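Letters A, B, C and D mark the chains in the order given here, with residues in each chain numbered from 1 onward.
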């Protein structure tokens, strides 16, 4: 599975630092985040609430609310172009066209006072040729594509159910055939049965349009279902990254392990659930060393004082943890004490 | 839609009935004899007695109220104790003035408030935001009659730009009262506009729109404003209602010949039919404005329109 | 003092009238005028008429032909028999005439009457002027007079002024005979009241709405009434004394005192009727504005309920009267626009006197108080003040009584309606009030006669001797004799001290100094047809 | 084991409640304008409490002195004197207690009645709600100022009647706010939980529903005090306010309005006093709203 050649990246984030500067103090949302999304592939971004997943997604669109959010350093490249140095106009041309985003809560993601077809047509009109009528026609086609009768396009969001709203949001995101689709927990707010439908549909559409995708989720099931690669994010940093197999079969980081242990095991219902103890550290007051250290069963003295560096298990798999070095990284799962 | 309007108008009837009973009752508590007030300090008892009889003041409360309501349902607001003219005529003659003042000051208030509130919200926490919100607070905090007197002092007496009082110089007469009243209401509207804009701007759907690549000004005009207008419309409606009441003070500072001033005069003269007439007109006006506001909601917010079945 | 002047000019002649119109000085008196009219002289109006004519000539030379008058209160009605409001009286004087009018010196003068005779104490024969036109073009005749005076009798608002007129008979088209119910010395004065204004009999009968179209014989016709805002008048071309020089008069209502002043200063008003006292000095300094500030018949007092302790004690009443610094009241409440009143009746009428009434004297007050045998601690009372001015008056009284006699009083704010009610029924201790009347008789009847208890006799004075004296004044038609009884009555009432007189209010007007012929009598009447735009 | 965790949970809850209050307080303190408002309001309350103690009503507040009428501000009379020679500074300060106490008492009365009516309507819904709110609608159908004018005109202008009039016109507003707040809380999980364990209606209303509906009520209360003070000034302007000689800003303003041109200081100070009071109450109210509803920050 090794990749030698220069990777064809749709998006690349390097050493991104984002702070939220509020009256209550400075919150470190992203702390040197690194991310790569390959063309046509799906990257899963996994982590707890508040780890910085959504911020990562928004930063790709440069939509971090400012104030209070500030991109302090780092680079974000789309198709090799640095978007941080772009003007507002250029950025607007990218949003919805090159990169589209599906937001977490379909209930609130649609403008309540505009018909859905208009909301879809709006993005088409912005980025594609043709007038209002053409855009509306396309909008209805998009609705059909996501399984909503085009005739319902003239209705308002409140007339749709949650799952249908999410389909509308997806239709809107895919309307201009974006190169990169960011899906921020697209199914969290939906019923389980609807979740599966929506997920299936997204899979189908991704294949059809060969879209790259960033799947933001805390649900490892979804990751297993849809992703090619996975980045595990904790306190604004990717602490483990690898292919689906790397992460699922060769879990290294104690946090990743904790995530898996939190899942009930269907085969062995007697097995004890081992949730990760404690809560995410206060992002405005991160520990000096490893951010996960206070919750880590394997914490050592060094973890408290020094940030761990990156250790590669393979070309595709790396982990940031003091437990590992070049020598022991291949040794299998997290070593136990 | 029409059904909705009719339903609302029908629902208005019991409220208005309650209003008449309430006000009739309150005014009945008033000490002082209308007949005595009309005839003045020098009146003789026999004249007062004769006038009381003529005005039907000797009947019990229920009889008087019943008689009043009987006339009212026939569209007769009664006869003014003071002028002996039909109250309907008295009120009707002054109504246009009050409506004009309320409308112009609403226009003044909206024209000032919307841009102020929107820009303040967009430039939240900037100097502009601070200054405009401070101005709005001043508008809320300054008693309107004080504001009126200061305006007269400055613009009429010192500068001589506008007439001191009255309504006989057309638009020139209208400027100061509208500004005084409008400024007060501008404040409330601007603040609501700002806060609802702020709330709207933070909504997920605005983020969605942003993610579509819509230019910022279009986001504001096409999405944020339209949504923010819903609470703003409520406040504007409430403000017009308040303006009807608040015009009482403005009208007396600027000698504006409207219903508000008429009502005060009537109250002082214990001219109960006139006071009743004014209150009923105000209550109807208030209700109609609220109805209008609800209809406007329908145009802005399809969720509400759906309920107008 | 003004009254003295009047006396000196007791024999002032009718011919001096025309001159006095324009100088605005006060001369002549009631006696003089009634002598002339009784003689049936026909020269009076001719002289007045020529004066008007010259005034109108002067006016036509200047371009301005509109007069804007600003007043605080809108009249409840312009129908002469349906109100007894000062604001309405002002307007009635523009559109109507009565048989008589009160001239600048409060003397009764014939208006629609050419001449009259008084064959006996109870019989009066009036010869009407011929050719007097109503606004609708009809000629005024005796039948109109009869109908109008009878209308007054049955209208509660003004029927007070219809009692003295007794029976009215039409002798011929231009002669009316009134037979009074006993001698009535106040008849002619009552006939000056707007309640007795002459309206067309036909319109009275047909139920014409005079409030929409007040048809009379007056110098102006009402053209528009913008309710709550203004009333517009235009000159009546066929006015029997000649078309008035100013062609258009607008009455504007501005309730706020300072706004009225500003309107005058800004040139939006030519004449303001109620001048804010605080603005007097400012207006006096303004060369474009003339200020009229003269005494009136408005007698203002602290009325006290004589039926209640401690006011049932005459020495207590005298004590508080003597303890109040009336000059301070005039300064504080009126900004000087008034004169001290000590007499229990307005001292502007013939025969009145200050003698025997307490004056401000702290030592005397203390002496009276000692004599009353009362304890200051038991003498507290509530003083009703029904407007801002009265409140200021009340505050002065409060501090005077506290300082001079150690009496604590409380001030009670009250609206006019309640005030009228509680004071009339005697459900009060004390109140600031006033009484304005065009004759001493009317004043005495209203304020001190026991028949007026529960009405305008708010001190509830109930003394048979006083009643008898008042009735005697009423029945004595002879002027000289009448005056003697007035003095007798005045001395008696001063002795009784039923209330605490405070001040005589001034009539204050301010107007554009370009306005010529401005006039005002103590009763507040202005003769609009005398005014013109001079230079 | 179980009991221990229960205790722990309890602790956590109480800590949470406390910290909620601390949180609100902290958020309020971070808001500079709200702090300014709070400081001024506290100062005003202090003045309101102290001035009746420091100044003698009879000799300093209402005593007239004709030797020193209408004096412009000076060292002796920093705010000048009025037409009766009374010190405007003392009267302005003294009036603080009048205005604030009337404002507060009125709002307490209106709040108490509004709380009962609003929570009954909101909690029980159905017929109770309909009847109460229809009656409130009648009151709300008349603009508040006009209703207050009618009531004061009818009952006479005493402080008591002013409070009644203002409270009557303010009550429906509170009832509405409370009803709205209660209705949103009524169907929430914790109230359902309380109902499930058989708590009485009144207990639920006062222990569960109202405390959780406090935010909008507190804000409304603050703003209503301001509007009552303003409204009383308005009533004074048309002669239906606080009876003289007791100083009240509105009455002082109204009394000074004929002097506004030559002695503008007379209306400046009471006018400013009203403005500052309303301003600070509004700042505080806004700050409270933001602090209680952190979504907006």
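The rule is simple: a contact is a pair of C-beta atoms (placed from the backbone, for glycine too) under 8 Å apart; a residue touches a chain by one contact, two chains touch by 3 or more.
Predicted model, so just to flag it, every value in this text is computed and none were measured.
By number of C-beta pairs in contact, B-C leads when A-B and B-C are compared. Chain-level centrality, scored on Cα centres against the all-protein Cα centre, points to B. Distance from the chain A centre to the chain B centre is 53 Å, each centre being the mean of its Cα atoms.
Spacing of chain A relative to chain C, judged by their CA centroids, is 92 angstrom. Each chain gets a centre from the mean of its Cα atoms; for chain B and chain C, those two points are 40 Å apart. Inter-chain centre distance (chain B to chain D, centres taken as mean C-alpha positions): 23 Å.
Residues of chain A found to touch two or more other chains are absent.
Residue positions 30-31, 149, 157, 202, 252, 268 of chain B each touch two or more of the other chains. Taken residue by residue, chain C touches two or more other chains at 256, 258, 262, 415, 418, whereas all remaining positions touch fewer.
Residue ranges on chain B touching chain A, taken from their complex, read 125, 202-216, 222-223, 226-227, 300-303, 306. Chain B meets chain D in the complex at residues 14-16, 18-19, 22-23, 26-31, 137-138, 140-146, 149, 153, 157, 195, 198-199, 202, 241-242, 244-246, 248-249, 252, 263-264, 267-268, 275, 278-279, 282-283, 286-287. Here chain D touches chain B in the complex through residues 134-135, 137-139, 141-146, 149-151, 153-156, 226, 230, 233-234, 237-239, 250, 253, 257, 260-261, 264, 267, 271, 274-279, 282-283, 295-296, going by the rule given at the top. Considering their complex, residues 74, 76-77, 79, 82-85, 156-157, 159-160, 211, 226-230, 250, 252-256, 258-260, 262-263, 265-266, 268, 415-422, 424, 433-435, 437, 442, 446, 451-452, 454-456 of chain C touch chain B.
The touching residues of chain B, counted against chain C in their complex, run 30-45, 47-48, 50-51, 54, 82-85, 90, 93-94, 97, 149, 152, 156-157, 160, 163-168, 252-255, 257-258, 261-262, 265, 268-270.
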